[in-house]
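Heads up, the next two complexes both have chain A, just with different partners, chain B and then chain C.
== the complex of A and B ==
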């Protein structure tokens, strides 16, 4: 384990930024933290997490896929992919690190999404252990340890010191780059912080929420549950939950007429939207109840059914704090699953 | 603290349900953490006693919910309206968006609603419980004793700049009638107007570039009640689920502000629900301020049936050239 003074982090960021782009959570004028490209003097936020999740780095909201140019009777197909450059994301929380596993299973299974794969390959993740979880946190429900997040490097931040431990070859290489700025350290302070955090995690309001009732093979049990009606009653049909969610991965592919050509791009889509997966015959989910049900059934039943029991929720709590009507997966789990955690 | 209590509202609603005056109640439902309150339809007294809440976190404006509720419920829907909600209520009636005969509206006084982010700025994160009384008592995981927060210090922006404590529509009023207030709600617009165009562009660029196009502002807006929004319609040619570029990012919000100009009551729901804290209400207030300046004071929703300045030609209307001159 290596360590450096918290006050020396600007030097660490500068050293890494000399060869790679560095992103880190920075407090914005609006009071929220957001992943921001590091520049000299930018201060690493103390916020628990960002509103937008770091999935943006691998699966951006909009992305051009290819372009077409017509001239007379010929159409030129232009490959507009650029080679990704190496980048480092600093301060990714345990929940969000886990979300990359969920996304990987979608984008890296055959046929591999080359856009996503290239960015995954070039991205280095420095995770950050939690020490002050919020009431909206429930990563423990999904077996995630907030005190020991995965990632290429795990970092722990105490009042005045940052500790680093490499978990992968990429992570070891990164620590090598900053070796001169860090020193060898014992893990006593980290262990003490982990113990303390664990006692807090056990006291969180959602500490006893479990996934027991859910998983693959439960479609028949839950699909026609009478509670969907009431749960979805006030849903506005906006896309907030899906767009702040680190694991929501649905997208649409569309074309844009530039006047003298066509750009094909993809953008995030939301199962909450009335136009989601619209087909020639219309929309296959006619009411908001059906769209609402789809989102939670996908996370709690369909995804685990197709992915060895892995749930596609990581308990980050973003939808809990951002839904305009405060309806969310926790309320769904407690109502449908009879789980009073 | 609020002047009427939850139990007063529950008792009144229960009485109206039991004598058959209404068959459902639109109200605020308790959440997991005392502040995460969900709009809900309550069908019987037991449901009300189990989960109905009325406290400093009941910001949701139910006027738009009446569109759906009045169609779904047989008989009348009881709705509780805060003063600002009654303006949206009237505006929707002006636009013939729901059947007034299917609604029983109870006006309730409001002392302003708390912004949970502002509460947390004082109490810290890790909220275990919140008790709303004389002050707001916040118990957290990280403080030994509850932190006492004054409602006046943590008001939502729209409440700190409350435009009216007067109910402009109701069948029954609980508590005393309030007054239209002389608020400072246009001060920030005036500051924006005083900026140079470049400064103003930078201001909006900074805020609107955070937009994730979740449409929460549109979907919560009582003035946005089109059956099919042009931005959701693939046949419109402008349908889009995400901003294609920085230009379009701004266009969405500016077009929306134009579309609700003259109909926006300044209820502030758009800014309340924005997950990215974009001050969307400032766009709407700019239009309201301009209309006031150019055509005389007008408050959308102040009464049913009024014609908004932009759709009401009068011989006194200023000429376009005069308006341009005034801009300097």
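== the complex of A and C ==
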């Protein structure tokens, strides 16, 4: 394990930024933390997490896929793909690190999505252990240890020191790059912080929430549950939950006429939207109840059925704090799953 | 960076446009150097697009045994299809695929008596498998084809059906139209009723494609005749964007129609929630 003084982080960021782009959570003028490209003097936020998840780094909200030139009856397809540049994301929380596993299963399964794969290959993740989890946190429900997040490098931040431990070859290479700025450390302080955090985690309001009732093969059990009606009644179909969710990955493919050709791009989409499934000959999900049910059934039943039991939720709590009508996956799990955790 | 990404299409050229019915045209497509864009299996689909208009999934109606070109029978019913319907020979488009699980023509269908039942443009995906079975005629038993449409003018591939299919040994064609029409001395009535009237024996493997309501009642009719759901196949159609189970649009239960379908055996459909 390596360590450096918290006050030396600017030098660490500067050293890494000489060869890679560095991103870190920075407090914005609105008081919200957001992943921001590092520039000299930018301060690493103390916020628990960013409002937007880091999924943008690998699966951006909008991204150009290809371009076309048309002339008369002919069409030219232009491959505009570029290899991603190397980058490092600092301060990714345990829940969000886990979300990359969920996204990987979608985008890296055959046929591999080359856009996502290129970014994934060139991105280095420095996770940050939690020390002050909040009442909307429930990563433990999904077996995630907030005190020992995965990632290429795991970091622990105490009042005045940052500790680093490499988990992958990529992570070891990164720590090698900053070797001169860090020193060997014992893990005593980290262990002490972990113990303290675990006591806080155990007392959180959602500490006893379990996934026991859910998983693959439960479609019949839950699909026609009478509670979907009431749970979805107030849903505005705004899609906020989807957009802040680190694991939601549904996308649309659209086109834009540049005046000089056509660019085909993809952008995030939401199964909560009324036109998501609309076709020329009809729409197989006509009501908000059906769309609402799809989102949660996918996360709690369909996705795990296809992915060895892995749930498509990491308990980050963003939907709990951002839904305008205060509906969220926890309420769904408790109601549908009969779980009072 | 991977050399290829399935989302990036190749160019196709329309080399023939056949007007089949008042709202269905069949487009012949090859690459600019005159070849087939890719190989496929019966029942598989391809994404066609016109840049600036949109991209949509279509079943490949030609049989894989056609080594020269692919054909798509397309009903005019939305942005992309409206545009295609005004396209002329020589027009380029983009094409990617093949996508989806095909009909099990070489395993579960092998050696079986086949019963194909189609309604309207639902013949498009079945034409591929029908012509595949006709090509490898000795691999299959008797072939019955029940096909119905609103009127005689709405019957797709009419010339091919009358002049080729109906003349094949061991192939029985049963056509029907919804309402009586001048110049039509064939059967009149809906497909599900006609299937019951014809009263097929249950030693067949049935393949259904057509409007959802036709599929529903025809399946009920087959069950009443003693067919088991494991003997009946159909294809589903939902909105798709990527074609490879990633964009999430055609997800029903734990299945993605674009990659786990479009072909499903009817007993498999019982496992899906009722929202397709």
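Just so we're on the same page, the second predicted complex is superposed on the first by the 339 of 341 C-alpha atoms of A that agree within 3 Å, B and C clash if a C-alpha of one lies under 4 Å from a C-alpha of the other, contacts with A are read in each partner's own complex, and residues count from 1 in each chain.
Assume a residue touches a chain if its C-beta (ideal position, glycine included) is under 8 Å from a C-beta of that chain, and two chains touch if they have at least 3 such contacts.
Note that the structure is a prediction, hence the values are computed from the model and not measured.
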Superposed partners chain B and chain C on chain A - clash or fit: fit
First (chain B), second (chain C), both or neither touched by A:74: second
First, second, both or neither for A:66, with chain B first and chain C second: second
First (chain B), second (chain C), both or neither touched by A:273: first
Which superposed partner A:302 touches (first chain B, second chain C, both, neither): second
Touched partner set for A:252, first chain B, second chain C, both or neither: both
Partner chain(s) touched by A:34 [first = chain B, second = chain C, both, neither]: first
Partner chain in contact with A:86 - chain B first, chain C second, else both or neither: neither
Partner chain(s) touched by A:145 [first = chain B, second = chain C, both, neither]: neither
Minimum C-alpha separation between chain B and chain C after superposing on chain A, in Å: 8
Interface residues of chain A shared between complexes with chain B and chain C: 252, 269, 278
Contact footprint of chain C on chain A as seen in their complex: 65-66, 68, 70, 73-77, 79, 81-83, 106-107, 111-115, 117-118, 216, 219, 223, 249-253, 255, 257, 261-262, 264, 266, 269, 271, 276-281, 284-285, 290, 294, 297-298, 301-302, 305-306
In the complex with chain A, residue positions of chain B that touch it: 31-33, 36-41, 60, 65, 117, 125-128, 141-142, 206-207, 210, 212-216, 218-220, 228, 232-234, 239-244, 272-273, 275-278
Chain A contact footprint on chain C (complex, rising order): 1-2, 4-11, 51-55, 77-78, 81, 88, 90-94, 237-239, 241-242, 244, 246-249, 251-254, 271-273, 275-276
Interfacial residue positions of chain A with respect to chain B in the complex: 28-32, 34, 48, 51-52, 61-62, 132-136, 200, 203-206, 230, 233-234, 236-240, 242-244, 252, 254, 256, 265, 267-270, 273-275, 278, 320-322, 324-327, 330-331
